[in-house]
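The block underneath contains the structure these notes are about, expressed in structure tokens.
Chain nomenclature is as follows: A, B and C, assigned in order of appearance, with residue numbering initiated at 1 for each chain independently.
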Amino acid sequence: MNEILLSDIIAFFSADIVEVKGDISNRRIMYLKPVGYEDEFTLDWVNPANKEGQQFAEHSKAKVILCNSKIEYNDALQKSDKVLVVSEAPKLLLAKIYHQYFKTLPVPIISDKADISPDAVIGANCYIGAFCSVGKCKIGNNVIIMPNVTIYDDVVIGDNVIVHSGTILGRPGFGYERDSDNMLYLFPQISRLIIKDNVEIGANCAIDKGALLDTVIERNSKINNSCHIAHNVSIGRSSVITGHVYIAGSTKIGNNVWISPNTTFVGHTVIGDNSKVGAGSLVTKDIPANEVWFGSPAKKQRDNE
Amino acid sequence: MNEILLSDIIAFFSADIVEVKGDISNRRIMYLKPVGYEDEFTLDWVNPANKEGQQFAEHSKAKVILCNSKIEYNDALQKSDKVLVVSEAPKLLLAKIYHQYFKTLPVPIISDKADISPDAVIGANCYIGAFCSVGKCKIGNNVIIMPNVTIYDDVVIGDNVIVHSGTILGRPGFGYERDSDNMLYLFPQISRLIIKDNVEIGANCAIDKGALLDTVIERNSKINNSCHIAHNVSIGRSSVITGHVYIAGSTKIGNNVWISPNTTFVGHTVIGDNSKVGAGSLVTKDIPANEVWFGSPAKKQRDNE
Amino acid sequence: MNEILLSDIIAFFSADIVEVKGDISNRRIMYLKPVGYEDEFTLDWVNPANKEGQQFAEHSKAKVILCNSKIEYNDALQKSDKVLVVSEAPKLLLAKIYHQYFKTLPVPIISDKADISPDAVIGANCYIGAFCSVGKCKIGNNVIIMPNVTIYDDVVIGDNVIVHSGTILGRPGFGYERDSDNMLYLFPQISRLIIKDNVEIGANCAIDKGALLDTVIERNSKINNSCHIAHNVSIGRSSVITGHVYIAGSTKIGNNVWISPNTTFVGHTVIGDNSKVGAGSLVTKDIPANEVWFGSPAKKQRDNE
């Protein structure tokens, strides 16, 4: 259990904090806690969406509360000796504090119950869980591969990547040519799957390697559970692909894109930077940058401010 | 192979049986059988939806036939010495008989090919299959975890739960906050996944643990394959979630609900008791109790009688 | 690495080749290569969809180029001593050449890290990867089961089948009967899953065994990632089921059918031979043979020429 001086947290995140109300001297924070489990060593917070945020702050058993400027530092809070850490974006700041101080990751070790190809090249400080099958691939530093992940050959993974359980990386893509006798022949699937730094991939995803061009996921992008990403797809930086998204072959998704759940891309379309696609959409056309699309088939709804 | 006196079955399920036609003395039942494989020791049945049910009963090689009152105990049936067990709901009764006498479950054993955390607490009489990875969690009695399941930390499983292969339980949820540099920070995912008694979860599901509130699945609910259930979701009692259903964060689903395949919930909605949602729907609003909704976005179709 | 005489390739596929331009004597081919990685031992190709195919052919470092008759054997190609292998369907022919000469499959071995039931019957020349759990089932010859696959009991697999990682075969189907107390009873799930020769099944699929009738996938059909195929479904020969397709119970799909991504079949419908269903469709009715359907719910769009 960490024990951190509140003054250190405030100093570290001073750019994110508008004001601190109350006496922070010698305050220590030990953890974040689920709603209802907070105590005096908890850093608690008030969600700006909470209409009864003032009461929430007053009733919290925590002594340090992260909030926005709508919470008044009133008598009740002062008398109970609470500290308010005021931020314009308390949800983001809570996530940053969690990331900086409290997020726990598996101890880096390669399980002796994993099956690692002798041709795999694995960087420093990696965790690879039990029942992972790792083919002829290259894995960077500080990578976390949770249990029961399968990595085929020809996969290249950068640093600080997290892959959750049940995910299959680098399967040869699904592209068949039919002849006049209705025999189906697999088109050559001989390229790679490249996953850049800081990407996180959810559980039970299937991400195929490329046919004659690589499949690429650029750095910082995050992918939720049960997504399928086909051969030759490229996904830009810092994009968010939520769950049950199906991205057919050769789709090009830009940077800072948000794809809502259960969206289907039919393939060979280009999705511009900073665009957003609503849930359950069927994307059949290119989407320009900075637009919000939705529907089946998806159409422009508005600009993405 | 069981060998059960028909008279015992009839006595046990007397409340479900309207009438028995024919001589049941010394009749024994050994099994249920697939269509076309029945023999004299089979308990066969006539599906009420079968328009040629009478002929089906006459042609069956079984001597005991479960049916509704539309099947006549005619000369052909009498001469072939068949017994009709008449129920108003033969399909339900067949399921109950299967459950009571014939359903086979794995012998309770924890595979030495599973990887169990020393901090896991596991009840009596459990089956845990090969290549299961089980974290710091609590598992009740008579639980069946089929092979290749992954259970992260902070999962609490009740009694008589079944989890099918490839399912991932308790992954930290997918909730990111974006800063002005397009860095994505994971919001704290520090609560639990709680699965109550008699829940069955299909293959290749991904059910995340809660962020600051628990994810909860109440008793008797059944979930089909490849569903995604996000952080903070709650699902009531005796609800049926069919396959490829996507339930985004903080959705609250009531009791005795039926969710048809490939439905998407966008999150933060409340779905009332005894409601029903049609296939391929996109649920963007609260659904009151006792209503049938369908569509993308879903709208009320009718009351659920 | 293979080294093949071009004259042998041309002789083998003479029926698929219209014309060969240039001197093939002593030309050898060692491999196919991703775009940008070709060299003098590569068999390269020009995609008929490439509007700048002529320049592509001229700039290729390969000496042998598969193309259609639109590529001119001009001075540049002649002077660089290149050979054009002309086909009416170069994409299909490339797939056939890949299949015949260059596609690599795992060396047939049953991993000592797999868990195989003593009641499993496994044919000759099979590959079964690490962390596969194989129940009481029958597997033919030359079958490839990639790592982390789970096969329940009562599964019958033909010859030359490929099953990708994370797939679950033969789970008892999902069919519950509800009683007046809202208890849910599983309907008997006692039939088999039968997978015929040359079927390929993608990653993270879940294919259930039958209730009282078998689930059957006929020969040569190909299924992409994350599909769910329920109890009692039948799929004909040489059909293509792309990814994230949900096929509910008792759906009958014909031969040479094409199902686009994220399509949902609500069950108990019949899909005719040579039909095609567009992406994201919800199929609620029978589809006649030779038709193209699309939409939610799906409607006929046109004949399938």
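In this section, a residue touches a chain if its C-beta (ideal position, glycine included) is under 8 Å from a C-beta of that chain, and two chains touch if they have at least 3 such contacts.
In this text the structure is predicted, and so the values were computed from the model without any measurement.
*Asks:* Suppose subunit B were gone and every other chain stayed put; which groups of chains would still be connected through touching?
*Replies:* Apart from subunit B, the chains cluster as one piece.
*Asks:* Rotation angle, subunit A onto subunit B: superpose the C-alpha atoms of these two copies and give the value as a multiple of 5 degrees.
*Replies:* 120
*Asks:* For subunit A versus subunit C, what separation do you get between their C-alpha means, in angstrom?
*Replies:* 31
*Asks:* Would you mind listing the residues of subunit B that make contact with two or more other chains?
*Replies:* 131, 148, 166, 204, 226, 244, 262, 296, in rising order.
*Asks:* Residue numbers of subunit A touching subunit C in their complex, please.
*Replies:* Touching subunit C from subunit A are residues 115, 131, 133, 148, 150, 152, 166-168, 171, 174, 176-179, 182-188, 190-191, 204-206, 208, 210, 212-214, 226, 228, 230, 244, 246, 248, 262, 264, 266, 282, 284, 296.
*Asks:* Under the stated contact criterion, what part of subunit C meets subunit A in this complex?
*Replies:* 32-35, 89, 91-92, 94-96, 98-99, 102-103, 111, 113, 129-131, 146-148, 164-166, 200, 202-204, 220, 222, 224-226, 237-238, 240, 242-244, 255-256, 260-262, 279-280, 296
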